[in-house]
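Given below, in the form of structure tokens, are the structures.
What follows is a pair of complexes built around chain A, which joins chain B in one and chain C in the other.
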Partner chain A sequence: MSQTPSMRPVKGRLSEVVENLVDGSSEGRSKRVVEGRAPWRLAWARLRRDRVSMVSLGFIVFLILVAIFAPALTALIGHGPNTEYTNTGLSLSGIPVGPGHSGFILGTDDQGRDVLSRVIYGSRISLEVGVGSTGIALLIGVTIGLVAGFYGGLVDNVLARFMDVLLSFPVLLFALAIVARFGPSLGLVLVVVATFSWPYIGRLVRGQVISLREREFVEASRALGSSDLRIMFVEIVPNLVALAVIYATLLIPINIVLEATLSYLGLGVQPPTASWGNMIAEAQNGDLFTIAWWFLVFPCVALVLTTLAFNLLGDGLRDALDPRQGRTQLAPAKRASKRAPTPAAIEALP
Partner chain B sequence: MTDSQVVERSAAATGNLLEVEDVTKHFPVGSHAMGRRSAEYVRAVDGVSLSLKGGETLGLVGESGCGKSTLARLISALYPLTSGHIRFKGKDIGHLSRRQMRPLRRSVQMVFQDPYGSLNPRRRVGSILSDPFAVHGLVPPSERKHEVQSLMERVGLSPEHFNRFPSEFSGGQRQRIGIARALALRPELIICDEPVSALDVSIQAQIINLLETLQDDFGLTYLFIAHDLSVVRHVSDRIAVMYLGKLVEVGPVEEIYTRSRHPYTASLLSAVPLPQSALRAQPKERVILTGDVPTPIRPPSGCRFHPRCPKAQAICATDEPVLEAKAQDSPNHVTACHFPVEPGELLARASRPGPEAPLGDAVRAPEAGA
Partner chain C sequence: MIRFVARRLVYLVIVLVIITFLTYVVFFLGNPKNLADRFAGRDAGPAAIRDATIRLGLNHGFWYQYWHYLTGLLHGSFGLDYQNQTPINSEIARAFPVTASLVFGAVILWLLIGIPIGIMSATHPRTLRDRAGTTFALTFLSMPNFVLGLMFLLVFYYYLTRAGLHWFPAAGYVAITQSPIQWAVHLILPWLTLALVQAAIYTRLIRSSVLEILGEDYIRTARAKGLSRRTILYKHAVRAALTPVITQLGVDIGTLLAGAFVTEHVFGLTGLGQLGLNAIFNSDLPVVAAVVVLAAAFIVVMNTVVDIVYGFLDPRVRLA
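On to the complex of A and B.
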């Protein structure tokens, strides 16, 4: 009788979380099909309990909505992002009006443009470049990492060295050179950012694939006669999704900052189109911001909050998704109870 | 007459399902980045010959690292051969391309040691078990679910659990899934690579019973690899003992267990722990080997066991003994030894004291606990 409670922790924990959070009903008794507790549902259940992650996720969803509905929002505010309100937006001596004055919620900049409208439009650029370049990086990184890790040998050597070369490139210098040749544009920023961020994903994926391809389930699939493609996409890729999701989430803020940096240096999005990077650059261009702090601070705040949200969500996702972290908590108890009864004599043989 | 005709004839004559002939597998040591070839090789399997008749179970035993698992993977064509021949029903399968190998995969399947590692944690069991049908295009997709469920039922799993993930099953249940996967294509030969050594003792018995039932029902042939000698004795018809990449003794199970001829087999068997009561009734000689297993990169000359053998003499270090039937043994009981153990001979007395005391302690330890 005393066995029942003592056995629970071994089998319980994970399933308890799900039972409480996912379905809450007892299962298995009925003859209906027993739905598996998908790793994703487990992860979602874990993520939902993490308040920081949920707040970050909420902020990101909010930001995405803002970016999508930017035209509607600025229409609602009544100020376009690029219109210079020289009459209402600037004082008689040419000083920008502060937050809350004359209907400018976050004030105006040195040209009398609405800071809020520009921050809203800037979110579009940041998300386009951040998410877009990360998407491209993910596609290239996973493909190259998969091929390099799976085939190993010479293929791996060539691809891994290539990634190392890209990672050791001075990104900004390279960007300067490219822009000097082709002229600044949003598309170019996207390409440059993607080019220099996929090797991060590629290296991680490669490492993961190298350990995955030695697993017995890959051998088992091979023993069944599966082709390389089938092994890669049916056996290995599902095990990479969690890793890719985590690191893509962490790569987005890096790429957003990279875009802002490029725009700040005048290599990216060109004025008057608003991007957080060039807003900061313009604000710093002169010393007006010492009096009118708002048109420097608000794009910075937007940038910081966005990168923070993505980073915190990425950390939360890692905790929720990374199976190794989940398992290291369970392993010691499980191992101890498994090992005890096996006869040590045979194992003790050298 | 072509080569293959000769091969077909010899298979018809012997009636063996599987013939392994002088098979070797050498792994290069260390990294060979940028195409540099290493000069040294691990001789994991170094000239092994054995045969399996249809319907029998051959137990393959030996210490960790002696090459049993490598041999298993060679037979199931997971590794390419370095040299030698593997014939399945007379057809040489050792040097086929992957495309040519595919139809043969249906006949030779494998059950893996680690029930946790051999199932993809991110895939549902139903999907894992429908793999064999999908890969070989045998069952139309609409009927796969039914086929999978009947497979699950066959190995003692609830068919309604097909939508679950491997993590939701116990070790024993997972091993049943592994067996179901091997069984799906109705193979003739199943290679069991330590199928129960990762399981609790109580579960081991269930899995072994399942394997035996399936053997009767489907007329399966097993190559059963294990290091648990009592398990091997229970399931096997014949036993092959492996040491450092070579077979040292092959014979019918009872003969090996009662009259082992190779000193290594004798010491291996004497290391099996017995309950205290059994020991009191019939005191047992325990042969404690000295030293470690030599490295398979540079195996000892002559008989590979000679540096640790209690009976070794000068000739053992120079001449390599061949597998042959020794005096009074039946012709199917072969031993590779210059000085086979005579029945009733006490080996422990001949055992030389070695410098490595900790090893002896490790072998003796469970005795104190029993």
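On to the complex of A and C.
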């Protein structure tokens, strides 16, 4: 061998290169083979076959579009989210107008505001907090989990304990106390939600990294002289993407609900800015919602549909990205038959 | 075993110190000057504010106050609240039975709902029954507590009452010692609210756990021995599948005993959650700290109990 692979700039995972060395096949050919079974394309194909996931994905895309084009949509409807239409939106005795009446598609609330416009603007808050805080949580969680799992020892001990402590926090209570002391604002809610959600990701990533760092491809990379940073980010991180995608998708609805709960308790996004949580709280405050159910029910429906869509998509992603687990759940007998009986099982035979 | 419990106790103390410290930091980073103004009464003069400052101990520095609080805790006292200067211990003693009634009723209900549906789903995978079970689970899993509670109030209280059926009261709590029937009647809607959301989690847990175990070799062995389906399912599979349920149950009871904030808020139950919530709105620092301490203690203690019980259920687990 005139040129060892380690001296060439290597594209792709080192483990594949090492496999090629063993097989003796050329790099070009192996690349084609790897492309042929690209795991992401396979996962996407599996996901596309899952009708529930695709409907959920469609709903989420629709929701994102609604949130982005909220000003245009409300202009189209002709009712601003915070304008009180006391003449057209309330009856003479001050009762909100029902769905479909006088141009209010979902009716009006107790102050004569258009419920549809407010639900549309509320989607912005939910998505901003849900996606934003999950993004921050992902960044912190993956970094800390990676460092803890990779280095082990004292570093791991300190970081893992720290995550344990954060996970024993009465989250909602503490979040409420912080928001109450510093004054509610969207930014603070986002930071608080992220602060308490990253340890979930951190713990998962740590566990995964602990098993990954013992694998052959990491050993190979180290033998080729890679630095710790290179091993972490080039070798290990790509193996964490699937896990991160699944749990981020499942964390988003949890964070959306946390924001809605804070807003519902009056310590999140403040009125008149519409968020689904504070719309529900405002509806509950008066007794009018018992006659005019729509301004309580529609924000609830929006909230539940959104969290449901993210949960369904998260489940679908888990099945698509981790097919082994999916098969275990669907056809347990098949999996068992492939495994050799354990000594205990043989002993148990009569 | 003793070493394990001792280590957990040390851990509990550390967690409590960290959590109370952070609670104090959060409050003092806020605006401590306002506190005296707030509790001095309306239109208080400088003298009244000075009195309030001394009464609440705010004239001392941060470290002194925090130390004072910790030593109080060591003596088993949460101190006096800012609002009425009543002992917090007695407020907690009043609130705890409400939360405990809510949680334990809900636990029984959610196990009764969640476990059978989960088993049904797992034993009939990919059938209509399974699909119904999973749909049930995902729907309630996606439902925030307060949404479900409000829907129950709207339908079962307002609409039924308007229809002339006074079946469910809207809010309030009646002690079980006073009238067990009224106690249950007042708690049915809150129980359902908590239980349905939790049952969804347990349905999923049981389903995946039973499915996994049904694929184990020893189940095949049991089948080969000619055991009946019932025996295999209930004696071998379900019993083993309950282990993760117990873990989850411990964590959930710990978390909820600390205050089922949202459910208590929706139904106006004056439990620990509501106590903490009101204290937060009133900036009543000692009460907030007390609820935070209790909450963290419940969570850590329940986790320890779970670890111990786990060791009994699954002898492979050694307590290190």
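Definition applied: the second predicted complex is superposed on the first by the 287 of 350 C-alpha atoms of A that agree within 3 Å, B and C clash if a C-alpha of one lies under 4 Å from a C-alpha of the other, contacts with A are read in each partner's own complex, and residues count from 1 in each chain.
Methods note: a residue touches a chain if its C-beta (ideal position, glycine included) is under 8 Å from a C-beta of that chain, and two chains touch if they have at least 3 such contacts.
Just so it is clear, the model here is predicted, and its values are computed rather than measured.
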Report for A:173: first if it touches chain B alone, second if chain C alone, otherwise both or neither.
second
Of the partners chain B and chain C, which touch A:39 in the superposed model: first, second, both, neither?
first
Does the superposition put A:264 against chain B (first), chain C (second), both, or neither?
second
Partner chain(s) touched by A:238 [first = chain B, second = chain C, both, neither]:
first
After lining up the shared chain so the two structures overlap, which partner does A:289 touch, if you call chain B first and chain C second: first, second, both or neither?
second
If I apply the document's touch criterion, which positions on chain A are contacted by chain B in one structure and by chain C in the other?
341-342, 344-345, 348-350
Inside the complex, what are the residues of chain A that reach chain B?
14-15, 31-39, 154, 157, 215-217, 219-227, 230, 234-235, 238-239, 241, 323, 338, 341-346, 348-350
The chain C residues in contact with chain A across the complex are 14-15, 18-19, 22-23, 26-27, 29-31, 125-126, 138-139, 141-147, 150-151, 154, 158, 162, 208, 211-212, 214-222, 224-225, 255, 258-259, 261-262, 265, 273, 276-277, 280-281, 283, 288, 291-292, 295-296, 299-300, 303
Listed in rising order, the residues of chain A that touch chain C in the complex are 165, 168-170, 172-174, 176-178, 180-182, 253, 257, 260-261, 264-267, 280, 284, 289-290, 293, 296-297, 300, 303-304, 307-308, 311-312, 315, 328-330, 332-333, 335-337, 339, 341-342, 344-345, 348-350
For chain B, which residues count as touching chain A in their complex?
33-35, 63-64, 73, 76, 78, 98, 101-102, 105-106, 109-110, 112-114, 117-125, 131-132, 135-136, 158, 160-165, 167-168, 171, 178, 181, 185, 200-201, 227-229, 271-273, 292-293, 359, 362-363, 365-367, 369
